[in-house]
Amino acid sequence: MIELLSAAPPTSTGEALAFWVLAPVAVVAAVMILVSRKAVHSALWMATTMIVLAVLFIMQGGIFLGVVQVVVYTGAVMMLFLFVLMLVGVDASDSFVETLRAQRVAAILLALGVGGMLIAAISRATFPDAPGVGAANDAAGGHVEAIAEAIFTRYVFTFEAVSVVLITAAVGAMALTHRERLTPRKLQAELSVERMRSEHPTPYPSPGVYAQHNAVDTPALLPDGTASDASVPDELRRQGTVRHTELEGIGESDADEGDQR
Amino acid sequence: MSAATAVRWSEGGSQVISEASGMFGLTWLLIALPLFGAIVLLVGGRRTNSFGPVLATLLVGFSFVLGLVLFFQMLGQPGEERAFNQSLFEWAPIGDFSVDVGFQLDPLSMAFVLLVTFVGGLVHIYSLGYMADDPDKRRFFAYLNLFVASMLLLVLASSYVLVYVGWEGVGLVSYLLIGFWNAKPAYATAAKKAFVMNRVGDIGMSLAIMLMVTTFGTTAFSGVFAGAPEASSGALLALGLLLLLAATGKSAQLPLQAWLGDAMAGPTPVSALIHAATMVTAGVYLIVRSNPIYNLSDGAQLAVVLVGVLTLLFGAFVGTAKDDIKKALAASTMSQIGYMILAAGLGPAGYAFAIVHLLTHGFFKAGLFLGAGSVMHGMDDEVDMRRYGALRKAMPITFITFGAGYLAIIGIPPFSGFFSKDKIIEAALADNIWVGIAAILGAGITAFYMSRVMFLTFFGQKRWADETHPHESPRSMTVPMILLAIGSVVLGAVLVIGGRFVSWLEPVVGPEEEHDFAIPVLAITAIIVAVSLVGVALAYVMYLRRPVLVEAPTGSVLTRAARQDFFQDAFNESLFMRPGQYLTRFLVFFDNRVIDGFVNGSAAAIGGGSARLRRWQTGFVRSYALSMLAGAVLVVGVLVLVRL
Amino acid sequence: MNPENYLYLATILFVIGAVGVLVRRNAIVVFMCIELMLNASNLAFVSFARLNGNIDGQVVAFFVMVVAAAEVVIGLAIIVTIFRTRRSASVDDPNLLKL
Amino acid sequence: MNDFPVLTTLGVLPFIGALIVAALPRGRELLAKQIALIVSLAMLVLTVAIAFAFEPDAAEPFQFVEKTPWIEQFGISYAVGVDGIALALIAMAVSLAPVVILSGWNDADDNERHRPQTYFALILALLGCIVYVFVATDLFLFYIAFEVMLFPVYFLIGMFGRGQRTYAAVKFLLYSLLGGLLLLAALIGLYVVSAQQLGTGTFDWTLLAGMPIDPDTQKILFAGFFFAFAVKAPMVPLHTWLPDAATSATPATSTLLVGVLDKVATFAMLRLVIPIFPDASEWAAPFVVTLAVISIIYGALVAIGQTDMYRLIAYTSVSHFGFIILGIFAFTEIGGSGSVVYMVAHGLSTAALFIVAGYLVKRRGSSLMPSFGGVQRVAPVLAGFFLFAGLSSLAMPGFASFVGELTVLIGSYQRWPVAAAIAVIGIVLSSLYVLIMYQRVATGPATENVKGMRDVFPRELVAFAPIIALTIAVGVFPRPIFDVINPAIERTYSFLNVDPVEPDVPASDAIEREVTD
């Protein structure tokens, strides 16, 4: 161990140990993102990878970056992903049948090509002795100070540009998701009139309440034992994520089909 | 140019060409008068219908009178000073090269001026009667005037370029008049044929002009002839052959003879003026005019003689078989011009007689054609001689005038043809015995076929239908015929006896060569006349003693061949026309399919390629991402390979 | 251990992310894979900072994060918008890039 | 010579006219036509004035010169001026302008989608471009005019043509753009060479002409220039756009296209190609002459096989352009001057043919010869015009084209006897295609097709009469044209190193010998 350390001075044993534990975790988590049928699972594996990466940042002297990684990525971005997932239907799982000819093979081959060549490049490159960022930190009087100094002096224009990007993104997101009201908003009086005139003046039946399932996506059963689609919100029906009870013996296959559209 | 330039052309005549002054300054007017008439009639349109024909006739008459005045003026000059040059303006000056629009009036062109304006004037008068009822009479006279102007331009020009202008002009008018009644498709075809075959001859004229400019730097007669002795023999031979090619086209000589028979589609006065008396003799004029070139090239002269002999026999044989009176006369014209070409090919010995025969032929052949026209006029435009017969009583004047022409052409003394043809045959005999024998043989055949025409038309039994009422033609037609008949009778004697015309032409073509014969000249003359009489007798036996069938008998192989003009049309068609049509069709196909096919093909290839490329744009984001990755692989790969 | 191993790890993660972008059809997962690729490159930047002994690599990684955040915001907004009209989050379904 | 910018006026006038005409509202069609006619007549008057003020024997190459820097970074200036050749061709173009406008008076009236205003505006714009091509002494200005010229033609064919007009218009445009592309490439190359040779790059003709260029470079640049002009001229085998364009375009457009616009190519060979690339021109001359002779014979033969009058006329032009190029590359003064006269004459004869054919087609609604027959019976004057046009095309003496054809043949025989001898066959073929066309259309008994066909009416007569007058005038008295172009031709060929052609036995010497004897 001692010899090993002296042979490879820049890294401590602890770091090596941590790397060899964490790196596989990161790779496995990354692969799991790829192979999870449900987007939610992918998101969770993604969070795992990010946290691992945050640790790796910290191990390499990027304490500030590691914290930001946890706060911004794992905290904010991943939550955003999950929100959107909720909006589009959290339960849907993807089909893995490839529709584009040779896409998968070509993708893997090309990716291996890129990876292979990058690894070849790295392996043949000569690197400096990896002094670490300690000296830079000390020159600025601390790690955060060093980063702050870099951002607000050398990279101030980049910083400003990035802030513009962020603001634009915020405005853009609002503009994209904002829906223009095309008709005047209906007031309660109009709504009630409309409802009375429709074929269905009474409230729709509420979703089914069962021992196994008790959720808005489970239809209620009519007296003759058939499921009433009207008891499930339109949105879910459109998404095809209506969950039929096992009583009907239909199972969950419906949901899969719905997503394969 | 100095006031007077002495020009001695090699072995030829020598004449002093001086600037035209006094009356001779009016030379241009000879051409301008009929040209003016043509323009007035063509541009004036229907407004000139009433007075146009008369105006046209008068203008040609004025030209003739002016020509006559100039002739007598010229007679007043000493022999060598009878040439005058009039330069109007520079036509195309480029650097050292220049073409002058200028005229040369000398004894040779003077003879033509008189012939053209006199016969032309008579034909105009004749046409007043002949075309009286034609709705397009005005146009006809306009063309006739244009013809006279072009023909005069041809013979008066002082340079080959200007000759070419007149040459093409007469060709154009010939086309217009052959196709005058082009409502008949066959006539339109005949006109086109004539023009195109003439144009083949014009290749010779064009090339000759090009060669002249390259060799001499000019196309003016004076320059070319002055330079000729120093030119290479190859150039002279080429010039001679090219000019001969031009002459064969215009004068319907072998091998470009095929158009003349069809040209009879034109109105008969046209046949008389253009296709008998004047235009077709332009080839003879060209060769005689170019005598300084031919004198220097034996090869070219030999070719001329050959063409002449072959054509005179060819035309004579064809003439024996034709039943259409005009086509028989056309064949005769071809044969007679053969004599002239032959004479022109004999060199100084023959030039003068070529022109003499040309002049006498101009009279008697025009007379014959006008007579034929008169017969057709009286016979409701019937042209088949087998349906004539015994017309001498119905048309006495026509009979007599036609008879005068007939006696002249077969060379019975003292009619004019006798003098001119006799001299040519003598010269031919002196040159080469075989050529002479061929010429004598031709004379015999001439006598035979012309007697045939005469007997079939005016003697024997009447073979026309009863509803036909042959009658004598009106005065306007008979008077020109009578005048021409008088010419047919006396002109030969006037010109030849005492060597008048020979000495008249001497400044242009040089002195006549004396030739010696083993037997007395008188004996030769007797032989020629005897051969002609044999021909007459043969015709008498065949067409007067025996009854003539209305339908032509099948005849021997030779007769059938002669009727078909010895398959000249089939020959031309199979050798030139058909292959030409196939070539044209092939080229049209080649152009549309191969060249344009290549163009459209490349367009289609690009279009197809784009359509194929477009399929790469699937619209699937992931495909695009894939190609981006492929690009990344490329970039990284290149970087790795290059940098490391 | 050699610090270059971080770079190898970054490469592997990047490649996995790239494959994910290419083979997954769910737009959200595709997005996550893009984030993965960005993160992989961030790791490389941080490693380079360490190897070179200066702070700049970390600063660049920081900027990458910010831009990535902006990108996620816009991207997800687009996904939501598309989903509203097309009822699908598949990147194949709306082959919008074709006429 | 005063400083009035007369050439600019001449060039800009039609563009102003075009803008005015195009701006006229619907319902003012007659006014549009009248304005177009007046503008063209004004151009004619101006050109006549220029012609009278022109001094043929002046020492400097160009007259009425105007020069203003334009894009100084690239040595581009707005430079215009005329020499004799340009003047002759401008005069020809401008003389045809009123004729074309008059003969095409009603061409656009039946068009459902486009207004006559557009039609006449495009014609005027085209005239402006043509003037600029001829007067430009800056190669860049020339190039711009050369390329911009395509678009009025493209729209004239595409908007106002008939039959496969879109196909024809696109084909024309693509062909021309291909040539133009190579021209542009060669032009840039020339600019680079000029920068090396002269220190500063320039597009000024006066500096470029006679500039020493490395022979190999010259050949490459020559190829670029020549290809562009061979497409436009058009030479076999780059000619197939012409029959399609001529068949689809209105007669007025065809006249301008074939009669005037294509002359730009042969003009440019004289103006640009020979003075700037003399060595390469000499080097390529045998090849060019061969192509020219092939064009002559091939164009004529294919013309004989056509059944559509417009196509036939187009192919005759291929043949005639062969003559023009043969004359240019004869490198003799006779050939060069002859080819310029031939250009003028061909403009007149093509105009005559297209316009009369247009009259016929307008009456019958078809340009196929079998749909006619016996026109002479019902419309003798029209048939007479047709024959006149045909004779003009087959170079009948007394007509303008005879002067050109004869001098071209003489001039080319001096240097290329064999080529000239083969080219002479063209005169037989020309008589064939003209007479076959006339025979099919006008002779024979009047067919059902032409019953009741109207003879020429006054507007048509007025449009055609100037062509007759000019054709005959140039044919009988071409000397003024020769006087104007001879010095320019001499100057053009002075850039070459060819041996002057001398007669073997100069007749003038011979006559002098005779006289002294």
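Which chain is which? They are A, B, C and D, in the order written, and residues in each are numbered from 1.
Everything that follows uses one rule, which is that a contact is a pair of C-beta atoms (placed from the backbone, for glycine too) under 8 Å apart; a residue touches a chain by one contact, two chains touch by 3 or more.
Since this is a predicted model, take the numbers as computed values, not measurements.
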Comparing the two chain pairs, does B-C have more C-beta contacts than A-C, or is it the other way round?
A-C
With chain centres defined as C-alpha means, what is the inter-centre distance between subunit C and subunit D in Å?
65
Centroid distance [mean C-alpha coordinates] between subunit C and subunit A, Å:
11
At what distance in angstrom does the C-alpha mean of subunit C lie from that of subunit B?
96
Intercentroid distance (Cα basis), subunit D paired with subunit B, Å
36
On subunit D, where are the residues touching two or more other chains?
none
Show the residues in subunit A shared as contacts by 2 or more other chains, in ascending order.
100, 103, 106-107, 110-111, 114, 118
Got the subunit B residues that touch at least 2 other chains?
618, 620, 622, 626, 629
Using the contact rule from the top, write out all pairs of chains that touch.
A-B, A-C, B-C, B-D
So, in the complex, the side of subunit A touching subunit B is made of residues 100, 103, 106-107, 110-111, 113-114, 117-118, 120-121, 124
Touching subunit D in the complex: which residues of subunit B?
2, 5-8, 42, 45, 89-95, 97, 136, 139, 161, 164-169, 172, 175, 179, 182-185, 188-189, 191-192, 195-196, 199-200, 202-203, 206-207, 209-211, 213-218, 220, 222-224, 226-227, 230-232, 235, 580, 583-585, 587-588, 591, 595-596, 599, 603
Could you please specify the touching residues of subunit C with respect to subunit A in the complex?
1-9, 11-20, 22-26, 28-29, 31-33, 35-36, 39, 42-43, 46-47, 49-56, 58-59, 61-63, 65-74, 76-81, 83-84, 87-89, 92-93
Which part of subunit A faces subunit C closely enough to touch in the complex?
8, 10-11, 15-16, 19-20, 23, 26-27, 30-31, 33-34, 36, 39, 42-43, 46, 49-50, 53, 56-57, 60-62, 64-65, 68-69, 72-73, 76-77, 80-81, 84-85, 87-88, 94-95, 98-100, 103-104, 106-108, 110-112, 114-115, 118-119, 122-123, 127-128, 130-133, 135-137, 140, 146-147, 150-151, 154-155, 158-159, 162, 165-166, 168-170, 172-173, 176-177, 179, 238-239, 261
Which residues of subunit C touch subunit B in the complex?
18, 21-23, 25, 91-92, 95-99
